[in-house]
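Down below are the structures I want you to see.
Consider the two complexes below, in which subunit A is the common component and subunit B and subunit C are the respective partners.
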Partner chain A sequence: MNKMLFKLYVTGKTPKSERAIANINRICKEELHGDYELVIIDVLEQPELAEEGRILATPTLTKELPPPLSRVIGDLSDMKKVLVGLDIQPYTSTINKEV
Partner chain B sequence: MAKADSREIESEITHTADRILIVDDEEIVHLTLKRLLEHEGYAIDSAYGGKEVLQKLDASYDLLILDIRMPDMDGIEVLREIRKMELDTEVLILTGYATMESATEALNYGARGYIMKPIEKVPEFRNKVGEAVRVARLARINKQFYDAIVSGKADSLLIDGKVYQVPVLREENIEMFQRLMEVIHDAVIFLDFDGNITFANVNFARMVGEAYHKLLGARFESYVVEEDQDKVIEGFTRLSSGQIAVSIPVQLKTNFGSSLSVIISASPIHYEMEYRGIVMVISDVTEINTVRRKVELLANLVENAQYDMIFIVEPDGQIMECNSLARSSLSYSQSKMLSLNIRALFKFRVDVEWEKIMDSVEQFSHWQGELMAISKGGTEFPVEITFSKPGREVGHSANMICFARDITERKRAAETESEARAMTEKVEQLERELSSLEQISHGSATTVTARSFGLKSFRQISPDSFNQLVLQYGDLVELALEQRAYRVEHDISGKLRTIAEQLRFYNAGPRDVIEIHSLALRSKTNEVSHVKAQAYIEEGRTMVLELMGYLAICYRTYSYDSQHNVK
Partner chain C sequence: MKSINEKVVKISKLETGIPGFDFIAGGGLPMGRATLLSGTSGSGKTVLAAQFLAEGIIKANEGGVFVTFEERPVDIRRNVNGFGWDIQKWETMGKWAFVDVSPIPGESALVTGEYDLGAFLSRIEYAIKHVNARRVVIDSIGSIFTQVKDSSIVRMELLRIVIMLKELGVTALVTAERIEEYGPVARFGVEEFVADNVIILRNNIEEEKRRRTIEILKFRGTNHQKGEYPFTVLPGEGVIIIPLSAMELQQKSSTIRITSGNIELDKMCGGGFFRDSIVLVSGATGNGKTLLATEFIAGGVNSGERCLLLAFEESREQLFRNANGWGMDFEQMEKDGKLKVVCKYPEAAGLEDHLIMIRDGIDKFKPNRLVVDSLSALERVSSIKGFREFVIGLTSFIKHGEIAGFFTATTPNLMGGTSITETHISTITDSIILLRYVEMLGEMRRGITVLKMRGSMHNKDICEYTIDGNGMHIGKPFRNVTGIISGAPAYVTTSEMERVDSLFQEK
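Entry: the complex of A and B
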């Protein structure tokens, strides 16, 4: 599998942002076994990157690689939904696309 | 954030190619459409009947291309079932000329459009599909956005390069709002800008006795009585013109055959600076109005009571309210009265102290008695006063109500009656006195002294002279009264001496004197007032004694002269 590239957009050190960072680290460790790259972008410090990424809300996690591009909004506390939303796991009918 | 091409954003938001489900019982349709659509980059799935599509369809599909005529379930039936699933999936109907009517009906069930079979105009087909998918995607984005905000998944929004903090709306807050809609006593209604009901909580349905599903889409004014409809329309017009709130009392029509008095509190809804509709809270004030009318009636009765001064006082006596008779009787203005303690308005005695009154009120819930009221000018007048307190069952109010009635006239009447009774008793006593004197003068059993001057009375011997003396004596009583009242000198004693000498001449005795006295008084007291009668009798009492004395002197002098031959 190609190395995955994730970008996590957060706003400062809000509780949700902190949880999102912790959760994505956990997901990557448990599910991806190191085969990933994670970039954390604080939109307050680097707003141009948020604009470039067309980010509408934070925290938002995007999967840049491998395509297709996908994104998940929220603190990523529901791992299953995150994995499906990022196409890391096959889609099932019980999971809503807007996860 | 720079305004990017919306398609660019939309395609980036989706995490897979847009998914389309084709439903048709003909394989050739699937093959044709699949070829066309996969070339556009869409992910295509297939279903061959209504039942299959209902099993397969979920929120992952952006678009459903649905044949209107299928062997197991027709397209309309499928559409009805899909609507119950509350998906954002858009629907395009596949139809031929023969099934145009059904296709048109499908639009009523939310289908976005229809595609004619066989597909001859491919660009048009592509555009329709593209538009439908775009709408579905936008709806999903909006929902995503909304969910992110409402569900609390996002804590910030990035709009045009600015970061906006999102208020935290936790799940439980939403549940609370929903619960509030259920338990709130008032009706809550949303109207669109046309005045149609788009949301109503169950209370409005209960208020008007209408099935809930009939409310949605109905015009709100249809639930208002005719005479109030213009008021409602005018209020809504003001809201749409910029007024931020209106409050309208109206009568609602109900299916119970009655009307309901309500107050409508309405505000406009704006979205992106455009007027979108109205939110209303409707409060049933029927009972409040009934209570208000009752309170107004009671207040009017109290305020205009004609015989009782009425006060509402706090436990320490501070006046909270009073009626107009209290103000006018005591000569205080309303504001002045409310600054006073009720103890300042009445005179309390040692045996009727404020503390004793309050003890009685505390123990028996009331006290009644008589006090002197004191007006602003210092005028005192007697009042019959009652302090009472409502029972515990009325509430926790410790305030008292005080009734005070001016009893000046009553007391005056009682005194007059008492005086009249006393006068009557005195007159009766004097009457009895006169009667006994008459008995003495007419009685056959006489004392030695009484008969010492002859067997026949003066009246029998010389009735004319007797009567003359009765008249004289009566006139003398009159003069004696005048002398006392006006302090004029009429020489009553001298005139009595003269009468005494005349009586001696006729050998009259004490019995004759009494007879003269009683007859004269009987005549004088006839048809005069009690007061005058009493005056005559009292004056006569003195005179008769004086006359008796002069008569005795006359006889003593006559006897001495006779013995000593004095000429």
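Entry: the complex of A and C
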């Protein structure tokens, strides 16, 4: 399986940012089992990266690799939606399918 | 009680450099504030906004940031290139920066959970600091609603953006789309956020003709000119606003007389026209208006002056042939650089464009005399209001340059009557000369009178004139005819004339 590359853009250390970071870490741990790379970008410190990625909202999570590029906006509180948005087959759901 | 003790800072203005704008804006845009620029689709918002930044770089060496929600930077670079603005060069010089928030095709982002537009704000701030910007454009703010679905978040964030711009001390122009030319200020109610200052661009259709205007609706706490001002968008220049009422008041006036090119007419006018006066010659078709204009030009050239002739009715060949017929050699005059003849169909351009072209022509050729033959022909391509504005604009250019203006106007009726041209511009002109047909005993004769001559005595007679191979010859007054100007000439017997004369004699 190809290695996945995520970028999470946040604005400083706000509760929203913290929640998003916690959520993506949980998703990665539970669903991807280490087969990923996650870069967290604080747009206050590196605004040029936000410009480059044409990011409008924070938090924004982008899946850079494998293509196609996809984005999810928000604090990533709904794990299922995040996985759909990033076009990832959830690992857990392949083991014990929900009814 | 901080609020009371806070010092009241007067609002200063940032000179934009957009031609004509700073005048109607009372000096420029309110400095350090955001101004809403609202207009319908195609009203020139993006051009004006881009020009705000371009003029800042060209004239004041001030950096600018362009935040684009609609067009991609690559499109903007290309679209404004025709105005002579090389954005790419400015970008490499570190004078211009884009914040590209145009929609990414085929990409839609899923939303889960709370978010804000923090990334957007920090990008704007970064760009401002990067080019040390004093000017910012956001084009167009309504489009943010189509990209960010949650309008309550957009509202909150817009407020933050406006506050941030204020804190950074930049002067911002924020464009917004509106649907009707006369209706709500903008869509989505965005005006709430930048409500202090509002400018409206219109692209109205009047009598099948497009007319662009700009109106400053409000500048809170500072002055500006009121009402709509026409503007035009020209290749190589961009937006040019024509501030009409403005220029009129600064006219100089001269007491130096110049010849009309016709000695007899000079006499009637009390010694010739004033050097910077506007003369209107009105008459029916074929009674010598173009001849008088030709004589006016020859008179100028003979006394060493430069003349610019704008002809909207006849071609060069016709004009040159006619002048030759009266013994004046236009071709030689042009060769000597004393005369320039410009022939155009009135329909070739809108009146605003004509006006700018005439102004450029004046700037380049620097004439002492300007002849427009005929002004009535230009009436066709515009609404009455637009025409009046054109004449005012033209008059002010002429007055500023201390140029003698000579306009002809064609009356619709053979006998008597006035034209629309006259009724709309007679108050602007300094002198009015009427040429009228006089029907007498089965013969068409011609009469000339000086109706008005500002600042000078003049002959009040209606004199007969004839035209031959040497031009116009003014003869004796029509003593025994009345009703020439009203178009119903009638004979008066000698005894009646004596009786009328005696009425006004002092006993």
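Note that the second predicted complex is superposed on the first by the 88 of 99 C-alpha atoms of A that agree within 3 Å, B and C clash if a C-alpha of one lies under 4 Å from a C-alpha of the other, contacts with A are read in each partner's own complex, and residues count from 1 in each chain.
Assume contacts are C-beta pairs under 8 Å (C-beta built on N, C-alpha and C of every residue); 3 or more make two chains touch, one makes a residue touch a chain.
Not measured: the values here are computed from a predicted model.
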| query | Should the superposition on subunit A be reported as showing a clash between subunit B and subunit C, or a fit? | reply | clash
| query | So, A:D78: does it touch subunit B (first), subunit C (second), both, or neither? | reply | second
| said: Contacts for A:P59 in the overlay, against subunit B (first) and subunit C (second): which applies, first, second, both or neither? | reply: both
| Touch check for A:R19: first (subunit B), second (subunit C), both, or neither? | second
| task | Could you say whether A:D87 touches subunit B, subunit C, both of them, or neither, answering first, second, both or neither? | result | first
| said: Flag for me the stretch of subunit C that overlaps subunit B after superposition; candidates: 114-122, 312-320 or 366-374. | reply: 114-122
| What is the shared patch of subunit A, the residues that subunit B and subunit C both contact? | 11, 14, 16, 43-44, 47, 50-51, 54-60, 69-71, 73-75, 85
| query | Which residues of subunit A touch subunit B in the complex? | reply | 11, 14-17, 43-44, 47, 50-51, 54-60, 63, 68-71, 73-75, 85-87, 91, 93, 96-98
| subunit A residues within the subunit C interface of the complex | 9-12, 14, 16, 19-20, 23, 43-44, 47-48, 50-51, 54-60, 69-78, 81-82, 84-85
| message | For a test of understanding, state which residues of subunit B touch subunit A in their complex under the given definition. | response | 1-2, 4, 8-9, 12-17, 58-60, 140, 143-145, 147-149, 153-159, 161, 163, 166
| message | Looking at the complex, which residues from subunit C come into contact with subunit A? | response | 99-101, 104, 107, 109-123, 125-127, 147-148
